[in-house]
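These are the structures, in structure tokens.
In the two assemblies presented below, chain A is common to both, partnered first by chain B and then by chain C.
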Partner chain A sequence: MEAAALMDLELNPGIWLALFFAPILASFPIAFIWPRRQDSFARKLPILSVFGLFISFLITLFILFRVEEGRYVYPWLPSIGINFVFVADYLSKYMGALTGFIAFTIGVYGLEYMKEDYRLGWYWFFFNLFTASMLLVVYSDNLFMLLIGWEGLGIASWGLIGHWFRDDDELSYVGVMDRKVGPLKMFWSPSTGGWRAISTIRVGDMPMFLAVAAIFALTGTLDISQIHWGELFEKIGTAGTVILFLAFLMGPFTKSAQLPFSEWLMTAMTGPTTVSALLHSATMVAAGTYLFMRISWYIKPWEIHLPGVEIVYTLVLFLGLVSSLYGASVALASRERKVLLAASTMSSLGLMFASASASYWLGEFAVIVAFWYLITHAFAKATLFLVAGHIIHETHDRFLGGDREVFSKMKLTAIVTLFATVTLAGIPPLTAYWVKSAMDEVMEKLVHDVGILPFVLLVTISAIYSAFLAKFFALNFWKGRHVHLHLHGGGVMKTAYTAMVSMLLVLLAVIYLGIDHAGEEFIHAGMAEVSFMVGILVLVAYVVGFAKPEHENAVGRVLYDRVYVMALNDYIVPKIGWAIAWIVDIFNRLLDFIAHTFIPALFEALSMSVRVVQSGSLERYTKIVVSLVLGILFVVSVAGWF
Partner chain B sequence: MELAIPAVLVLALSGALSLRFKYIGFAGALVASAMMVVNNPLLLMIFAVVLLNLASLDLMKGFLRGVDYTLVGLIFVATSYAFYSQSLAFLLTMFVVASVPTYMLVMASDREIRMEVGIKYITFMVIATILFLIGAILMVHASATSSPTLYFLGYTMLLVGLAIEVGAGPFHEWVPDVFDSADPIPISVVASIAKFVPFVVAFKVISSTQMGGDTLILLTGIVAVVSMFIGNIGALTSNKPARILAYSTVANMGYLLAALSVSFKSEFIYLAFAGVMLQLLTNSFGKIGFFVGIKEDAMPKIETYVLALSFIGIPPLMGFWGKLYILASLVYANLLWVAFFLVINSAMSVPYYVRLIRIFEDKKDFRRLAGYLVTVTAVLMLITIVPPNWIIESSRILMKYLTIGGV
Partner chain C sequence: MIYAVFIPAIAIVLAPFIRGRAAAYFSALTFLVSFLAILYAFVMKLEYAVDLFTAFEPIGRIYLLGDTISHAFGFTIALVSAMVALYSYPYMKHRFEEMELNADAEFKKYWFLYNLYAASMLWLVYAGNLILLYVFLEISLIASFLLIYYYGYGNRIWVGLLYFVWTNIAGVLALIGFLMIGFDNQTLALDSIASVSMAAWLFIFVGMIVKLPGLGPHVWLPWAHAEAPTPVSALLSPLTVGLAAYILLRIYLIDSSFIEAYRTEIFLYGVITSVVAGFAVFKQKDHKKLLAYSTVSQMGYILIAFTLGTAGIVGVIIQYISHAFGKSILFMSAGAIIAIYHGLRDLEKMSGMHEQIPTIANAALIGFMNLSGILAIGMIGEFFILKGLVDTFGLSLDAILLVVFVFIISGLYSFYTMKRIYYGRVRDYSRVKVNRLLDTPLYIIGAISILFILPPLATWFVDAVVTFLGGV
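Our next item is the complex of A and B:
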């Protein structure tokens, strides 16, 4: 797992082609046939799409177990250094398999969840494009190729979040209908959600493109593993490093919904739950943190001691922690099932960023911890979303709610939820505990370089995190208000999230049995006193959260309104936009006036004044010419005299 | 050039006999022109101009029938001679000889003598001729006696005389009136073959005396730019084709005067001279084509486009190269401001040439000879699809005859 120089290896390109194109091609039948006929035959076609996802999943497994670590180069534009370059390394092997598995499992779940939908062609095409794009991001070593996948994620997320574009179902909204706070409308329709997602992401993508272009201009290559990052940063100096690096990270920051770009993620909940599950676990938001881990893996910031790099990594550390704290607090105050989970995802992403950025001081291990947290989180969060989708499906209610009747009638669902929340919270001795312990250790070690603050923040976040997970469980299955259940079917969905949650046990086995080298380190960290104390704290927080899941107060209300961060998306930025539009409009009118009125009028007047001389009178002409001639001769004579 | 005297004799004889039968005049003019033609690409092109002029006269009837050929032939004899003569006296004579026949031509029309046009035209030409002749003589004298003040005065008179003669602004007052009220065919002669001699003589006098300073370049540049602007702006709101062409002539004469200011920098004269000659050729072919069109009130469509686009200066048409050489000479001579205004003015000319196209767009009722003539002018505009190195070569050869003897 040491990030040594990668060998260039050979692999049948057909494997890569199948990996990326199988899902897309498999979604074509439903995408093309659905707009023409929506009968029972068409409703069977999604099985093909899921089969495409299955092929991709198998290939990711093949890559995980059978493909050697190294770079796989297929020339495209070799003259300018743009090739199809895929990399199989520690990160991409796991990440690919994770993506493949989660996408496939959610695909299966979606077969049942989406079977009554009115827009299946659209859904499956974008769902599969989403997966393929993420796989491209995962395996690409070339930044240009990566950006293609990156943009695929953007467009697919827009399509999927705004899937229910008719905005006609209250169940697909986010927020309380018709609620307003000041000028802010506190409810968002699916089409708004889609628009907010794509518009926020574009804000980050623009500087990222420029940064990639700058990297290409400065180094002549776009292969992440081949760029001499240290030399690059040395060449462009501290300010250059900070500008370039932050411009690049604007992409990951917006994709992974770090502050202040978090709002789109909250309203991404307007999409089908399957989309939320995929978007929050292995694709989209994970792409941002994954990219940060991937470049940190090859930048090796721990070997570069430049002030610019330190500034950037410190900034990412605190941005991650603050975003995480914000996300956890908002989740704690949330009353909607999916919004709570969305905010919790944001919190987790913050932790991933923070932990990965610690690599500057602590080396590669910090990245591995962040990455393992990503994996653990992905399975747990996908499970929780699938559960949430199922209970929304059964209760026709997107707000937290459910008493023991739900528990008794949906036992499996409840147990899966309980297991997923307990595991993700980091209660010993379950999966996330070990990973979180390693994270505790990382933050604790930072005391020497950065101070105690990161550690304190992490512990606080862990406690809040555990509390809202308990709240999620308690209010849905035990202590919530009474809800009406409309139980029907759901077998496929149950199977899917049971399979998903069981992966947490697989991970636990990997850690316990030391199948991965990182496992030993995690066990070691988990045995530490501090980690254990944090574990106990988390357990206490969970119990408290379960015992008293609801508590009205002023702080809670502000957090419920997400600290009004949405003002940025819904008020400030539009105002700026309108101001720009206003200026552009004035300029436009001015230009129109100059080009269509002023200049023609001016030249017409000039032309008339030139032609007014022509009266036809010879006498007049002669007078003009003779006086002109005499005048010029006089001037020249005087000038010549001197 | 030894054949100049016989050529004039042929013209005189045929002119007299043409009163009996008009085509004798035509034949005499052809023979005399052929006698004067030299194996030099530029002269051959000018010969083409005169042939077109002679042919176009056949579209007229009435007054001057027959003698008009002789008069055009005479202009060509003077033009050809002026290129090779190195004697001031002969050059000035040629200036007059090339000018006077137009006095008569301009009054000609199908039915009557247009006296009013004639008076207007002749009045201006007389002023121009006097200024030009006195200016030239003063310049030569001043350079012999090293008297800058006198040279300034002489140059100014020559410049103003030239401007009035060819119709450059702000001395252009006669141009719109005469172009509009005279018969189009004689005007096509005035606007084409008659324009060469004044510029050739001016180039020779200036480059032989060479006492110019920056002041004179500035003066020339100002007159040139003023002329461009008056021409192009005036044409913008003109709707009658003859008036558009009149202002287009004013603008074109501005471009040519701009090149004249380069004649103080001896190393770039050949380029400026080539540019001027090519632009004069463009102007000649274009004016002949369009005035024939005005005479018929109809033109063939594609040819109209070619002529107008050539005037605008679209490569590879001839008008592009003329402007290009003038621009290049201006840039080499470091007269960037003049070059700048020339480019601006070229752009400004687009609308009215397009309007010219529109005016003739759907008019197809022309006589067969007129159609041929317009087609030939359009084809000639197209010969510069091969970059016209021949004009540079001709110009370099003619540089040998630029100095006036005994000065």
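Our next item is the complex of A and C:
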């Protein structure tokens, strides 16, 4: 578990190649055949893609159990010292297996969920590319190689969020159709969702790319575990550290939808639910926090006492907590099934950032807590999304709704949801309770260095979080309005989310049985009085949330509109952009006019005035010649005079 | 081996006599053979200097020069020319029908001019003497001018002349610079020039700014590139304008004093060029004009990269290649829509086109990925440019923000355009079967552009360039 110096080890490169290329290659048949024929044969091909995901999953398990911790180096651009470097360590082993499992399970679910879709080739290609990219990010030690996976995530998320590109299905929109608040349109189509995702992510990726290049320029290496971070930060000073580090973190911040880059995540709900499930649990948004944990793991900020590093980690701490509070509040006020879950993901991501940043003061344990929270959250959130997808499928309604009829007709689904929400909320003695307790402990310890605020925020967030999870359960299965159920099939989907939710029990076992060392610490933290109090508070919040899931008030309405943060994406930035584009356009037209109309016209006029001479009339020519001769004679005679 | 670059000469002579589709295949084949030979020479790091003859002073020795830089530009030109040749057949057939011309007769003329145009660019990068280089520059100019003049769109005669005048200004300014170098050094052979005076640099630089183009003179480019017949656009924009970068690069490698003296000015000029053109892309209503503005924006990258030291020079080379790949795909995708839907190029009449022509839409996506540096060779280019930025300006916040802003804009207009054309409400166009020659060449270029970030191509490529420049 200790982040000791990693050994360079040997492993057959075929394993890594298969890990990344099996899913991609397995999706080629459907990707290439689908545009040509959409018959029953083509509709069977997705099974192949899922098989590719399965291979990846097996390999991640192999790495988890059979591959030694260390670095595995294969030449890529040896002339500048950049290589493919895979790392198997505490973080990547778990994270890889997590990604492999979740992607495969969601893949299976997607076989049924996407059965009738009109764009299967596109869907499966990008789904598998998404998974492969995430695995690349997970196992990369080299930052440039990581960026390839990172960009792969970006492009795949764009493809998947905008999957239903025709914008013709109300069910694929986010927001209430045709609703407007002031100049803001409060509904978003899939093509808009895709555009918002990629445009936000580009804003973060480019600074991050610059930071990576800068690290290379300054240290000559890009291997996270090999860079002497302390020396680097010392060399570039406080301002340099802040610039470099924040530029780097722009990537994780945008990918993980921290304020003010959160809006794309909400409208990412325009994609198929399977995509949301994958995007919110193990890939994409998790990639941001995972990367922050990974570099913190090797930067070891707790050993570096430089003001620049402290500034950055303090900033991440509060940004994370504030984003988390925002996300939780928005989720509490949300009325759409998937948007509620999206906002809750944002909240969880904030907590991961906050907890991992506490490592500056508290050491490695804070990163482990954040990482375990990521894992717990991933399984629970994937389950909730898959459930939401199933309900949307059966009700043809993306808004929260469902009474006891839903509960009685979809019992398994309801129980899975109940278990996932209760577990994720952090109610003792279930999985997330222990991890959350450790997080309470971490924030509590920060009182000495940072103050009481982080702890207060965490407790508040935990309570709100629990309340909206209860709301999600209550409004879908118990107290919501009546909805029409169109029950048919669903067997594969049920199997998938049951498998998903059962992983939470596996995690619980890992903690109880002390299979992982962190488990003991979590149990210890969970036994503390403070943690137990928080646990009780969370339970109370859940009960209150269940008892009164809806409460109309002014604050709620503002939160329902996500505090109008979308103005940034939909109004402020576009307005500025279009204003500049308008000026630029006028400038170009003016230049074009001068160069291609005005100056040629000027020449035309000049040539006209010259051409007046050339009239063809003999009389005129005679006059000119005579006057010229006279002129010359005059000049000569004047010259002769002197 | 260096004679492999002259294989396309066979196509110049013979292709006009071949009827139908075979002429396209034959032309493409000659360029492909060249491409493979150059790639081989590139990977093996073969260098050539083949003397042709020695002319009087100040021209000096005329020879063919083949080194890593020539090869890097050369294989790009050969590959793109080959693919565009294939694409030309269905496209020009449609164009001749549209213009009510006799296809057989016109194809004779077309293949001669097309192959001459493409081959002269290929030969340009192997010219070892600035006069020889200038001669090839003029040949490519005349051939492309004639292609626009005969087969262009809109007011093609006016546009053709406009193109001719502007590019000639560029050529003549460069020629004056070349001659000044010649009189200073008594030779114009690239390997014997000892120094380049500031005045000569200025002439060449300004000339190449017109051709590249930088902000200001860029007004000619949207006309020429938009109104040229699309296969010609698909050479003009990806290959021809970037040759200005090649010429600057050759001079830079002899004597970089000018760029170093005006580093900040050129850097800022590049940034402004790129930003202004990038914003202009959003306002375009014509598909090909939009792509033309994006070319100007991408050429701004090259100006920026020139000022960033050795890593920047690697960036220049890769940027040329990545832009060539990306933009040729994009122009061909625009042309495919024109050919399929009888002249459809007004963006306001397009949306949801993915529905009817998914293969073109997907190819365009790869093209835009190249421009924005996502999972394609452009990524390595951006990496070197950014590294050069830190090498040159350190962690200076303003320089960082400017370049990052430039890169962000490319990504934004790329995906905004994707959304505009291919996503959203599906319009009432019929679904058609796309001619294979209208989409396959796009995918071949796309595949190669993606393979260039993986071994072995990436390994060879970066190794060759870095070794040639003596490390970064």
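Please note the rule applied: the second predicted complex is superposed on the first by the 587 of 642 C-alpha atoms of A that agree within 3 Å, B and C clash if a C-alpha of one lies under 4 Å from a C-alpha of the other, contacts with A are read in each partner's own complex, and residues count from 1 in each chain.
The definition used in the following text is that contacts are C-beta pairs under 8 Å (C-beta built on N, C-alpha and C of every residue); 3 or more make two chains touch, one makes a residue touch a chain.
The structure presented is a predicted model; accordingly, all values stated were derived computationally and were not measured.
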item	value
Chain B versus chain C as contact partner of A:625, first or second or both or neither	first
Partner chain in contact with A:427 - chain B first, chain C second, else both or neither	neither
Touching partner for A:114 - first (chain B), second (chain C), both, neither	neither
Chain B versus chain C as contact partner of A:195, first or second or both or neither	second
Chain B versus chain C as contact partner of A:210, first or second or both or neither	second
First (chain B), second (chain C), both or neither touched by A:613	first
Which of chain B and chain C A:584 touches, first, second, both or neither	second
Winner by number of chain A residues touched, once chain B and chain C are compared	C
Interface residues, chain C side, partner chain A - complex	162, 216, 219-220, 223, 276, 279-280, 282-283, 311, 352, 354-355, 358-359, 369, 372, 374-375, 379, 382-384, 386-387, 389-391, 395, 397, 400, 403-404, 407-408, 411-412, 415-416, 419, 422-426, 453, 455, 458-459, 462-463, 466-467, 472
Chain B-facing residues of chain A, complex	603-604, 606-608, 610-611, 613-614, 616, 618, 621-622, 624-626, 628-629, 632-633, 636-637, 639-641
Chain C contact footprint on chain A (complex, rising order)	35, 75-80, 144, 147-148, 151-152, 154-155, 158, 162, 165-168, 189, 191-192, 194-195, 198-199, 202-203, 205-207, 209-210, 212-214, 216-218, 236, 239-240, 243-244, 247, 577-578, 580-582, 584-585, 587-588, 591-592, 595-596
In the complex with chain A, residue positions of chain B that touch it	119-120, 123-124, 127, 131, 148-153, 156-157, 160, 164, 170-171, 173-174, 176-177, 215, 219, 230, 233-238
